[in-house]
Amino acid sequence: MELQRIIEAILFAAKRPLTCKQVQEVFPELEQPDLADIQAALDGLVEAYQPRGIALVKVASGYRFQVRSDLSRWVARLFEEKPPKYSKALLETLAIIAYRQPVTRGDIEDIRGVSVSSNMIQTLQEREWIRVLGYKEAPGRPALYGTTKLFLDYFNLSTLNELPTLQALQELDLPPITENSKERA
Amino acid sequence: MELQRIIEAILFAAKRPLTCKQVQEVFPELEQPDLADIQAALDGLVEAYQPRGIALVKVASGYRFQVRSDLSRWVARLFEEKPPKYSKALLETLAIIAYRQPVTRGDIEDIRGVSVSSNMIQTLQEREWIRVLGYKEAPGRPALYGTTKLFLDYFNLSTLNELPTLQALQELDLPPITENSKERA
Amino acid sequence: MTETPETLPDTIALAMVNGAPFTQIPDDLYIPPDALEVFLELFTGPLDLLLYLIRRQNVDIIAIPIAQITRQYMVYIQLMGDLKIELAADYLVMAAWLAEIKSRMLLPRPPDAEDEEEDPRATLIRRLQEYEAIKYAAEALEELPRMERDFFSVEVDTSMIDVVQALPDVQLSELLLAFKGILKRAEQLSHHAITKEALSVRERMSTILENLKGTDSRLFTELFSHREGRSGVVVAFLAILELGKEGLIEISQAEPFAELRVRATRAAFNAT
């Protein structure tokens, strides 16, 4: 119980998600509890906060307390600023990076059929949702982008697998041209 | 109970203390609870958090959640930054004092070929690795520096003689210290 | 997506195309001219616009009526151009591509070429499918609960917590490396050579100065310890000589054959 109280205080004070391991490292070397004990304490906390207005949840970079979503309409009123809105173009770019990573800017442009502004990439990088994973062995050595843990955290996901499934591409079995060119136009 | 959950979420998200009145104003005009009900909810929350690692407390500007003081020693470790690194200049100065003591600042400057900042000397003195042994009978009566017992203790030496001789030093093949090798250790 | 009226009375010229009044509106396409710009902004690019056109026909992408869709697409592009609406180059690239597909489909192809040459529709359909999947993924992403909108971070006050800042850690090897660097530099500077004095002498110099602190003077012999043996005595002696040379101590003899006394020079020890 004491361990649970300590971990609770640490998680609340941390201002960022913490993994089991990171919680362990907050303890002085000789007093570090076992990971299993920390996990048990975390599970206990998740349970203890069940009826409360906030919840302990696990996201990509670890455990964090957050306001329960059913209360967000009340809490939103605390802030004068509206939550940021993201354009369709930005979300498409982000979706391509999330689902198709690692991708170059050229890949994104191919899929979207439009040129991608540097601004958009920069915005995503500044939000720390994407990062450069490396550079492609190709002329110009373009950067390869991927998403970050912060991206998952922001969308309350713990892994990329939790993203909504991508619509499967249909098999292409085209009718012969002759038939199709006599269109009902 | 629902009111308590909402107020709990509001207080956690607010990032600043809120008074009863301020809590009331977060609610839309037509749904504002009575101050008495808010106060009752706040009292209930103070009570509910009694056994927990954080506490709802009333400070001058309102109610806020804070880490319980008996747990602050654990939480403090979260904020301890990685110790900074000393500059090469400082290490050189310390090495000169160790090998050439007693030395004046002028001596150190002569050997290093650059001026030695008071800051550097002060840092070493605050660390209690060097001290003033006396003052030299010379214009300006410069201080003579030497190393301390603490210096020996820190480097696990019992006497200065355990430092390699200049001869040995020149033959010594020291691996260059890189940032990484220290941090990842 | 907003529904738009199907047709216009065909007597009204919608726009001038190549100098001729443009009155024929393709099926299912009417947008008031002044709303065209706004309409275009609804799309994130030419693929999005194409998809819209296809979806309005209620046909599967796979069964895309190329000629019809191409015609409709061209009409938009034409209208935009006529209304001097600045059109992203990407839309024109798509127009050119569609035109190419259409023409290739009209050309008779030698029967034996069929296997090698890909159906010109295939690439377009593939891209449309790929784009559509991403378009839906982006919409799903928009729907996902997210921070600042559906979730809020919590914070508790930690201002009362005292943090002790850790001091830098130094390895002995770092110190030695630093000194080695100095020696190397010193060797290159001819005017200042570091004498290769035994370290023990320097240390003893410190010790002797320390010993003289707070006393008026000490007997010369007090500065030696017999327990250290011969080499210890030699070190102490060298240290005393060096201190004398550097003017840090004075050695005096009250009268011939009296004991030598050593004291720190006047300036020395009124601090620390």
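When the chains are written out, they are named A, B and C in that same order, and each has its own residue count from 1.
Just so it is clear, a contact is a pair of C-beta atoms (placed from the backbone, for glycine too) under 8 Å apart; a residue touches a chain by one contact, two chains touch by 3 or more.
Keep in mind the model is a prediction, meaning the values are calculated, not measured.
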With centres defined as the mean of Cα atoms, the chain at greatest distance from chain A is chain B
Min distance from chain CA centroid to global CA centroid: chain C
Separation of the C-alpha centres, chain A versus chain B, in whole Å, is 32
Could you please state the distance in Å, as a whole number, between where the Cα atoms of chain B are centred and where those of chain C are centred? 26
Between chain A and chain C, what distance separates the C-alpha centroids? Give it in angstrom. 18
Among the residues of chain C, which ones contact at least 2 other chains? 152-156, 158, 161
For chain B, residue numbers touching 2 or more other chains are 9, 12-13, 54, 65, 67, 75
Spell out the part of chain C that touches chain A in their complex, as residue ranges. 44-48, 60-63, 65-68, 71, 88-90, 94, 105-106, 119, 121-122, 125-127, 129-142, 144-156, 158, 161
State the interface residues of chain A toward chain B in the complex, per the touch definition above. 4-10, 12-14, 26-28, 51-54, 65, 67-68, 71, 74-75, 77-78
Please output the residues of chain A touching chain C within their complex, sorted ascending. 12-13, 15, 54, 64-67, 69, 72, 75-76, 83-84, 86, 88-89, 91-92, 94-96, 98-99, 110-115, 153-157, 163-164, 166-170, 172-175, 177, 180-181, 183-185
Chain C residues within the chain B interface of the complex: 152-158, 160-183, 185-186, 189, 192, 194, 196, 198-200, 202-203, 205-206, 209-210, 212-213, 246-248, 264-272
